[in-house]
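What follows is a pair of complexes built around chain A, which joins chain B in one and chain C in the other.
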Partner chain A sequence: MAFWIELLISGLVAGLVIGLSALSITLVFGIARFPNAATGDTMTVGAYGALLGHRATNSLLVGGLTGAIAGAIVGFLGYWFIFRKLAQRSNVALLVASIGLAFVLRAILGVSFGHSQQVFQLPLVRPWRIGDVPVHPNDLVLAGACATILAIVFAILHLTPIGRRMRAVADDPALARVSGISPSSVMTVLWLLAGAVSASAGIVAGIKTVVSPEMGWDLLLPAFAAAIVGGIGSPVGAVVAGLLIGVVQEMATPFVGFTYKIALSFLLMLVVLLVRPRGLFGKLEGAR
Partner chain B sequence: MTIDRRTILQAGASALALGLAPQGAFAQAEAYRIGALNPVTGAGSPYGSGMAEMIFAAVDEVNAAGGAAGRRLQVFADDTQTNPQSAVLAAKKLIEVNKVNAILGTWSSGVSLAVIPLVNDANILLMHTSGAPALSTPPANAKGYGYRFQATNDRFGRAFAEIAVKEGYKRPATMAFNNASGIGNTQGFKKAWEAKGNKVLAEVVYEPNQPSYRAELQKVLAARPDVIVMGSFLPDTTIILREAFQSGANVKWIIPGWAANPQLIRALGNEATEGVISVDSVANEQSASFARYDAAYRKGQSQPGASNVYAAMTYDMVITLALAIEAAGPGAGTAQINAKIREVANPAGDKVFSFAEGKTALAAGKKINYEGASSVLDFDEFGDVTPDFGVFFITKGQLERRYVVKI
Partner chain C sequence: MSVLEIDNLSGGYSEVNILNGVTVSVGAGEIVTVAGTNGAGKSTLAKAVVGLLPRVEGEIRFEGSVINAVPTEMRANRGIGYVPQVANIFPSLTVQENLEVVVGVTDQRQRIAELFAVFPALASRRRTRAGSMSGGERQQLAYARALMTRPRLIVLDEPTAALSPALVSETFERIRALPSIGASVLLIEQRARQALAISHRGVILDGGRVAMEGPADTLLADERAANLYLGQHG
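Right, the complex of A and B next:
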């Protein structure tokens, strides 16, 4: 039993990272309506930002905020200089532009910080034991941070006027427009928010693993899978699907081994798409 | 940035070659062109610039001794970025634009495996420092133009088994990064360990770039091993050791030296790395060739030569190659030079420790055996050498060499 609980915890921890990055993808997709391939590298920007902040102040909280702000700025700049100009183009053009932005970000990070790995210098602590299950205190802190970030995002979406407008645009852009909602202010907030959320995912991943210019890009594929499984454009779906993918991957390892666990998230995606094409929490899109 | 660095390196290379070579001596023969393809950036960056510099140093030495078979050596340097794609682009440039006759100094198996088909197609030599067993045999080494100056991963595995016996471990488990090098290490260990009548309790092959390796560790630790033998690289080792420490595991580790290095200690701190056994091939430290290399390395990098065994290898590459060119005589092509490499490096023959010494002996009609700075450099039928292995224990954040293992 302890064996399975341990796997479950591993899955949840891995799933949190996937879920946060999927949340950023799905936010952009819901409103700007294209898959943003620069999400992974915005994560990396966040991780480096947090690394600098943490080194300067020795406070993980300040570091995290620095990283989130860096991500938000990158998100906004991407929108202002690239995606805003291409807004009327097909979403393939936007997707390709976002891949280009991803390369540019990675190259800038590579040149500025080098390709060697960097790590958050945090004290390593021995685990608590609850029954036979080891619980890492650092994981609890990270899980708490993730929960806080999710709460903030959902509060913005559901409790603030700008959140209401964002949801209106996500629901029906044309209707939102005729109701007098200004697209540019909605978009600005969206990109700031999406950038900060991807940065947070990158910070969590960076603390759990190591920080290098390629880290975000490497995590992009499972994040896309989670966004699709959860139902594109559904924030709750993205987070739930991220956790689901993490848990399914880890719990399956006794049966399929460690090499094929990655394939499982895509198998899961296939099954969901076949049985329920709109994803777990997605809504049906009407014909246009 | 990339272009700048390359331009500078190349400009430096040509300037060095032109400035330092006694011009008059080489009026006739065409220069022998060497591609120095090293990991200046990326995971190999702690070693790469020293490796490149020692190629230049050895080339200066050869040219100062009048060149090889009347030919001046000329270097064109490039960076693999420790990345197979970039390495292939750089190798293509060296082969097609600079028309090099040999490529020296690739590091990391992925890079060497990617470069060697180009080298075969171009009919030139590749001397590398990578461990993957696949580099020994066809298709990679179909023409026998590949030479390995580092131990194979299989030999590393054998050294790991010797160390496990010596340290009295009874219950080993293995973890391998899923590539030729990682699995080569743990398979080599398993083969040697089982040949001694022992058993490996658990084996895990893991994927790169995972957000966590807890499940992998959980499987290995469930077998209650007393030591975990790794076939790994720096980033994954960092994550795995950190997670193992944080899950309360009390287990010892045997890890290849390119993963258990000062960067790992910096990343994890002293407590989590205490007692880790780091294994790397050691230079041929008692030899006169090592003393020459060491002096050059200290001059260029202000560090002892023993701190970068790969630089000793690239130094030896140039000397070995130059001796083979000398032995093959004026106007020799790749095939003739290739045929001479074992002749100048393997026994029997008079032991020589520098290019000048070897050149004189060859001129006197003697058979020679170059004893390198990195190892005694005796190539087997696959072009592989068997260096000795240094066994380092991480103690209070320092890598402390306790003994040397010979296999």
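Right, the complex of A and C next:
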């Protein structure tokens, strides 16, 4: 029993990483209307940013903020220099551009930091025991940080004027403009937010495992699976599906082995798409 | 003075012209009906006025100044309200959020309270997701949203098309009252007779051109207009 609860906990932590990156994908898809393949490498930027910030200050909080800001900057620069210029083009053009941006980011990171794996030097803490279950304090800190980030994102979306405008643009860009909403201000905030959120996912992944230039690209596929399973464009769906995929992957590892657990997110995606094509939380009227 | 002057306007969604030299004006306090068969270019004309038509030639003037180069969102801020033919609310936002989201309203709370007083059905559903409302309620919300900025010109694209017959005359009454609150109206309607009955003037589009125009009662009495465009008893 304790073994399974341990797997569940590590599944939830992995799920938070997937959920945050899926949230970034689904926000961009809902508002800028294309699948952003640079999400994974923005995660990597976040992880390296946090690594540098942590090394410089020995504070995980400062490291995390550094990484998130780095991600936000990358998100904004991608928008300003690439996606803004292609806004009138097809979403295939935007997807291809984002794949290009992804390669550029990875190359820059590889040249700057080398290809060897790096780790966050954290003090070893003895896990707490709750019954038979070992609980790592770091996991709790990370889960708390993720929950805080999610709360901030949802508060922005639902409680602030700019968040309302973002949801309006997601619903109907033309009607949003007719209502006086300037697309460029919404897009600027979207990309800062999407960059910071994917960076946060990368930071958590980096702290849990290792940091390398390829890490984000490897995490991109489960992130897309979660965005689709949750219902593309649905922020709540992205997070729930991320947690679901994280837990399913971890709990299935004893049966299918480490190598094949990635494949499970696709199995789950196929099943959900067959049973419920608009995803778990997909909008009914989103069939535009 | 004219609130809106459309001067020899041509344009379309691609290289093809949908509008071919349309000239229409709306004077202060006027309701002007634009009628015409399906595909005549009525909605396209409305989009040109609010800045959603990709390509236009000719001139569009609002309160005397040329607005061809003014982006859609700035036209809204300047006082042009628009209720599109379809997709005229934000379905995933609540009723209240649909109104709050409109930019450039300084006394937002007060304005929303005023509009809820005019549309009591909306007030009781302020926390409802707009997408789950009935056609009539959506239409009211679409109006309220367009009226948030106290526009001096409001462009209505077939406001009665999706309504049950009972709601149609109520809607025309509401439109008739718009000039008294300071909004001149460009009214696009298939129900041309009923629309002309509350209008000062009318324009009939055909193939992106003005086929007929004149005072509303002249058009209503006109034999040729009746035969070709209005139907005998609309």
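In this section, the second predicted complex is superposed on the first by the 278 of 288 C-alpha atoms of A that agree within 3 Å, B and C clash if a C-alpha of one lies under 4 Å from a C-alpha of the other, contacts with A are read in each partner's own complex, and residues count from 1 in each chain.
Everything below uses one rule, namely that a residue touches a chain if its C-beta (ideal position, glycine included) is under 8 Å from a C-beta of that chain, and two chains touch if they have at least 3 such contacts.
Note that the structure is a prediction, hence the values are computed from the model and not measured.
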{"item": "Superposed partners chain B and chain C on chain A - clash or fit", "value": "fit"}
{"item": "Chain B versus chain C as contact partner of A:R177, first or second or both or neither", "value": "second"}
{"item": "Which of chain B and chain C A:V210 touches, first, second, both or neither", "value": "first"}
{"item": "Residues of chain A touched, compared between chain B and chain C (which is higher)", "value": "B"}
{"item": "Chain B versus chain C as contact partner of A:P277, first or second or both or neither", "value": "neither"}
{"item": "Partner chain in contact with A:G144 - chain B first, chain C second, else both or neither", "value": "neither"}
{"item": "Which of chain B and chain C A:P161 touches, first, second, both or neither", "value": "second"}
{"item": "First, second, both or neither for A:G100, with chain B first and chain C second", "value": "neither"}
{"item": "Shortest CA-CA distance in Å separating chain B from chain C in the superposed model", "value": "34"}
{"item": "Parts of chain C lying in touch with chain A, wherever the complex brings them together", "value": "50-52, 71-73, 76-77, 82, 84, 87-93, 97, 100-104, 131, 145, 148-149"}
{"item": "Parts of chain A lying in touch with chain B, wherever the complex brings them together", "value": "3, 6-7, 9-11, 13-14, 17-18, 111, 114-117, 119, 121, 123-127, 129, 134, 136, 138, 205, 208-210, 212, 215, 218-219, 246, 250, 253-254, 257-259, 261-262"}
{"item": "Chain B residues within the chain A interface of the complex", "value": "1, 41-43, 45-46, 81-82, 178, 204-212, 214-216, 218-219, 222, 234-235, 238-239, 242, 245-248, 263, 267-269, 271-272"}
{"item": "Chain C contact footprint on chain A (complex, rising order)", "value": "161, 164-165, 167-168, 170-172, 174-183, 283-285"}
